[in-house]
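Below are structures written as structure tokens.
Two complexes, one shared chain (subunit A), two partners (subunit B, subunit C).
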Partner chain A sequence: MEEVAFFIGAIGALGAAAAVVALKNPFYSVLALVIHLVFLAGIFLLLMAQFLAASLIVVYAGAVMVLYVFVAAYVGGIEEPKWDASPELRVIGPIMAVALFVAISIAVLGSGLAALGTPGPDDIPAGFGTPEAIGHLMMEDFLIAFEAASLLLLVAAVAAIVLAGRRRGDKGSGTEQRKVLVKADEQANAQVAGNGEGA
Partner chain B sequence: MDIEWYIVLSALLFTVGFIGVLVRRNPVVVLLCLELMLSAGALSLLAFSRMLGNQDGQVFVLIVLVVAACEVVVGLGLVVAMYRRRLPLDVDEMKELKG
Partner chain C sequence: MLDLVPGLPLADTNFVDATWIMIVKSIVIFLVLLQIVPILLLVERKLLGRFQQRYGPNRVGPYGLIQPLADVGKLLSKQAFRPKGAVPFLYELAPALTIISAVLTLAILPFGDVKGDVGFYGIDVPIGILYFFAFSSIAFYGLLLGGWASGSKYSFLGAMRSAAQLISYEIAMGLSLLGVVLMAGSLSLVDIVKAQGEVWYVVPQIVGFLIFMVAGFAETNRPPFDLPEADAELVAGYGTEYGGMRFGSFMFAEYMEMLIVSGIASTMFLGGWMGPGPGWLDPIWMLFKMWMLCMFFIWIRATLPRFRYDQLMSFGWKILIPLGTLNVLVTAVLVVTT
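For the complex of A and B:
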């Protein structure tokens, strides 16, 4: 039963991940990532991480993906770069990927962890991976990491406002508008200069 | 289900994300592929957490989720800023900082 669930989840997650990379429209890529995350949450459940599976769905497939959908809808369709990568990357990319996979496999096999071939110990503590257990850990053992994460979120929110916020005098988004502004500025400057000469 | 299956799945997902980061040129899709790589890392952390019967790895994954959310916010802010300035939305074209 567990095997069936794992292979369904694995095939779904891998297929959706491949779709993220292969689909031309970024909007569809975002939707494929949502499917990937749903399958991944199922695999998290198999690893007894109930709280993380729920937060993956709520935070990731819910909130973060909405952000992606908004940006893909805001930006998308304007200038879609062709899918084909530059010719050198087209060759180097897959070679690098295979090399990376081999490197990871060597690292895992070379670690010599005997427990890798087992499904994990059976005598895990009661409530493994439940919100209660994770909450106790976060508030007792990992309080500093928790507070640092909250600070990081605050900094990221401020950074997003600074980066994407509208500058003063930058109504709209076109170069035309900026050119008009610059021209108006130049005219005003010329006028000021002319007035200075006249006086 | 043996733990190594989860590790192999995690390595495959990481590799797929890596190919995407290398091959795709739309910055939004590059960010999506970074998400794939981060979630693959989270999967291997969870697998090892299950292998050791220790929940500390799950807290680590929660922190990874927070960091990924921050990265998304800043990355998408950059994409929106690029769009506002009418820069080409193509990571191959963004090479002004090239040494």
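For the complex of A and C:
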């Protein structure tokens, strides 16, 4: 039974991840990413990591992907110029991709698979994967890493606000806002037209 | 403790009862709340009528009591029409998605403690309230896909509004509940109700309760925050191109979500199933509290006009979120020091 559940989750997650890359329409790519996250949450549940599963859905599918969908839906109808890489990028790109793959593989093989070959979920400690257990890990064992990560996010948020404020320049008058609204309207038109062709 | 499916070690779900009881329970919970939705619909229309100095529906049956049945009959017999510009599969998927996620959330509402061998709730998961947030964020994709896939400008704008509304209000909603979680020391809804034996959390967490209710109006797209379907500007927002029972599903899900938000508010702040009287009254108390909060939703709908869109956004980001953060901070300090 658990094998069946695992393979459903794994095939779904891998298939959706492939679809993210393969699909041409950015809106569908984002939707595929959402589906991928849902299947991944299923695999987490199978690993008794219920808190991780829930936070994956709440944070990623519920908040981050909503922003992605928002952006993709607005700009989705506009033809995107085909990517034309410079010769240097054509060489460096694949090298970086392979290097990243090797680094992640080393990290995973070096630590995460230690549980392979053990009896499995029958002898996990009580309360494993609950919010309490995760909280203890974050607040006791990995406090510094946890606080450093939150500091990093705070810096990123402040930087985003500063950058957005600088780009806006002078305080937007009414005309500025109207321009934005008109643009949104045009994009909605373009999106609708794009849908019609797709159907 | 028994697993739902023997051999499938899904996360620890605190099951106290046998599998067949689980199935019976889910059917009972679903059927009871399914019956409440049409009653709520009728009561809302009747009350709105009275609020506006008119009678409301009074033609079908005595006092118009059979009106919801007539409505459902009409919706079911309509043609399932799809506009030319709509995206085929997603257009049909959207209403189903909203309704599935709404019904799944019913599982965590507790209607009573464990009595004998039966827990008076669907499931009692340790992640508790996060389950509610997870499914409400999936419900959003129903609205978004509905609006996007309809191929209509009004639907699209409605969907975009609901996306912006969601990201502004979900954070405030989470923060408002965090105070309760800190005080109860648990995320499980059953434990949270049990922790309210002495005093309901609406007293110490009044700020959290108010924030939760405001965010709840935004979450359920109810007036005065019904901007995704603002009928004066967007025809019917994400639901413009839907007809028949697909429209009915969106409608049904909206009322189901109203019941769920009321249920979560009763559980987190109003003592859940607690009330005077013998133990068998517990589910009735819970339903009574949910019902009263639903009446509050209707009352607000009849009282307040719709907000403007930028007012809604700045209210969420500039008032509710800082207030919620402050509430959590004060609660945390008090919980640690006392």
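Some notes on this structure:
We take it that the second predicted complex is superposed on the first by the 117 of 199 C-alpha atoms of A that agree within 3 Å, B and C clash if a C-alpha of one lies under 4 Å from a C-alpha of the other, contacts with A are read in each partner's own complex, and residues count from 1 in each chain.
The criterion applied here is as follows: contacts are C-beta pairs under 8 Å (C-beta built on N, C-alpha and C of every residue); 3 or more make two chains touch, one makes a residue touch a chain.
Being a predicted model, the structure only gives us computed values, none of them experimental.
Of the two partner chains, subunit B is the only one touched by A:Phe142; subunit C is not.
In the overlay built on the shared chain, the residue A:Ala160 is in contact with subunit B alone; subunit C does not reach it.
With both complexes superposed, B is the one of subunit B and subunit C in contact with more subunit A residues. Contact with subunit C, but none with subunit B, is seen for A:Val34 once the two complexes are overlaid on the shared chain. Legend: residue contacts after superposition of the two complexes on their common chain; A:Gly129 is shown touching both subunit B and subunit C. By the document's definition of touching, of the two partners only subunit B reaches A:Leu100; subunit C does not.
In the superposition on chain A, A:Tyr74 makes contact with both subunit B and subunit C. Note: residues 2, 46, 48-49, 51, 55, 63, 67, 74, 120-121, 128-129 of subunit A belong to the subunit B contact set and to the subunit C contact set alike, using the contact criterion stated above. Those residues of subunit A that touch subunit C in the shared complex are 1-2, 5, 27, 31, 34, 38, 45-46, 48-51, 53-55, 57-58, 61-63, 66-67, 69-70, 73-74, 120-122, 127-132, 185, 188-189, 191-192, 195-196, 198-199.
Interface residues of subunit A facing subunit B in the complex, by the touch rule stated above, are 2-3, 6, 10, 13-14, 17-18, 20-21, 26, 29-30, 33, 36-37, 40, 43-44, 46-49, 51-52, 55-56, 59-60, 63-64, 67-68, 71-72, 74-76, 78-83, 85-86, 89-90, 92-94, 96-98, 100-101, 104-105, 108, 113, 115-121, 123-125, 128-129, 133-134, 137-138, 141-142, 145, 149, 152-153, 155-157, 159-160, 162-164, 170, 173-175. Residues of subunit B that touch subunit A in their complex: 1-9, 11-20, 22-26, 28-29, 31-33, 35-36, 39, 42-43, 46-47, 49-53, 55-56, 58-59, 61-63, 65-74, 76-81, 83-84, 86, 88-90, 92. Taken together, the subunit C residues at the contact with subunit A in this complex read 5-12, 84-88, 125-127, 130-131, 133-134, 136-138, 140-141, 144-145, 148-149, 151-153, 156-157, 159-160, 163-164, 166-167, 170-171, 187.
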